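Order as written gives the chain letters A, B, C, D, E, F and G; numbering starts at 1 within each chain.
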Amino acid sequence: MSQTTSAKRPLTALQKNVKKTVVVRLKNEVEYKGKMKNVDSYMNLIMTEAEELVDGKIVGKFARAILRGNNVLFIKLEDEI
Amino acid sequence: MSQTTSAKRPLTALQKNVKKTVVVRLKNEVEYKGKMKNVDSYMNLIMTEAEELVDGKIVGKFARAILRGNNVLFIKLEDEI
Amino acid sequence: MSQTTSAKRPLTALQKNVKKTVVVRLKNEVEYKGKMKNVDSYMNLIMTEAEELVDGKIVGKFARAILRGNNVLFIKLEDEI
Amino acid sequence: MSQTTSAKRPLTALQKNVKKTVVVRLKNEVEYKGKMKNVDSYMNLIMTEAEELVDGKIVGKFARAILRGNNVLFIKLEDEI
Amino acid sequence: MSQTTSAKRPLTALQKNVKKTVVVRLKNEVEYKGKMKNVDSYMNLIMTEAEELVDGKIVGKFARAILRGNNVLFIKLEDEI
Amino acid sequence: MSQTTSAKRPLTALQKNVKKTVVVRLKNEVEYKGKMKNVDSYMNLIMTEAEELVDGKIVGKFARAILRGNNVLFIKLEDEI
Amino acid sequence: MSQTTSAKRPLTALQKNVKKTVVVRLKNEVEYKGKMKNVDSYMNLIMTEAEELVDGKIVGKFARAILRGNNVLFIKLEDEI
């Protein structure tokens, strides 16, 4: 699926959001909101200053964590083009 | 499974719908309706202006998100040939 | 498992049914009946004019969709040799 | 795990049963009894004249279908050496 | 993880038990006791003269079957060194 | 996704925390707090002096264990930049 | 993730414990305590003189078995450096 489109591919778009705030929802429906310090092609992420949210309520916090990419359902990005 | 058929293969057909509105249903039965900004061969998607739907009812919205392809059940495309 | 048998291998048989009506059952037991516009070696499918069936009853319809192959349980083909 | 044993490896034994009647049990515990028209190394199968069995009772029939190999629990073969 | 230890690696040990009686427990907790006619590196097995056991009680028998390796939890071998 | 960014990739960041205290949460929601003696690219970990925690309460302890990486949900690191 | 650290990587550490007593916990929460005769890079294990434990109580014993690595949650090692 090589292509010459100028639109950014999903992993490239994700990479462009490094150092920005994201909300990661995992397959177990728990969400993590914080700064995405880095990410790789498996969607393994380093998150900092993160809040853990269940049904929108904060249930935990952590300063820095590595999330394993295979658990990711989706990653909400800040609104920008 | 090389072939010379003129019919488009699934991933190619998906790629042709970039920038169009799609409805993505994930394995957890939740649907996301919005513009598919881009997609790769794993069905990782960038979606924008998306509504999150449970049983057809809007339960959330987000401006931009990356959906991880391995969670995708199917992707409904706009009706066109 | 190379072989010289004249019988068609499963993926080849599937490919031969492109443009025909099939019934796809997914792992979540939901069935999709429609025209298989195309298919690849992962069993990713393009379906058109499809009905969504639960316990044999139509619960939805869509004009065109891409089904992700890893969710497929089986694909019923039209009766032909 | 190369070897020179004369005993047939599982996939080879499976291939030798092409065109014979088999019973395939899937991970969802449903069984399919019919003629195995062909099979590949992922255990994708073409079955014809198949009965679908739940707890040993016929709940459905189909003339021809492709079963996706990753759902297979086991395949009972006709008794022969 | 290359090594020169004389102890047998798991797949080699399994191969050495071909033609012996084994008990295979699958992930669904059902056990199959019978002769392991052959096995490959995915733990796909050919079993013959097998009993199907649930909670230690025989609930079925089959003359010959191929078990798909990815369902295997463990395989009990005859006691020998 | 090659890049020249100076930010550390997730697996590199993880490696930098070898010999430090981490909290590993597995997919079954159980947490393990202890010293991460080593880790590889699958997130297989050697942990020592570890406490097993369910809902924040210690339910077990072990001196040294290997955790299989595919079970990891996330790994909380000590707060540092 | 090549490195020159002297600390042992997880699979190497596991290999160093061959012939020692370990406790293997599988994803179904059942534990197996016995001698680890050998292990490979998938964490497939040969265990001998093993006890099967549910909630710490012995529910079964076996002389020798091969455990399939993909079911492993973690492996507790004897306390040593």
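FYI, contacts are C-beta pairs under 8 Å (C-beta built on N, C-alpha and C of every residue); 3 or more make two chains touch, one makes a residue touch a chain.
Worth saying up front: this structure is predicted, and the values here are computed from it rather than measured.
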Task: Contacts common to chain E and chain G (chain labels) - done: none
- [ ] Would you kindly tell me how far, in whole Å, the mean C-alpha position of chain F lies from that of chain C?
- [x] 42
TODO: Just give me the whole-number Å value for how far the CA centre of chain C lies from that of chain D.
DONE: 19
Task: Centre-of-Cα separation between chain D and chain B, whole angstrom - done: 34
TODO: Note the residues in chain A that touch 2 or more other chains, in rising order.
DONE: 11, 70
TODO: Using the touch rule from the top, order the ring's chains starting at chain D and going via chain E.
DONE: D, E, G, F, A, B, C
Task: chain F-touching residues of chain A, taken from the complex the two chains share - done: 11-12, 15, 18-19, 26, 28, 32, 37-41, 44-46, 62-68, 70-71
Open item on the list: Going by the contact rule set out above, which residues of chain F touch chain A in the complex?
Closed with: 1, 3, 5, 7-11, 13-14, 27, 29, 43, 69-70, 72-80
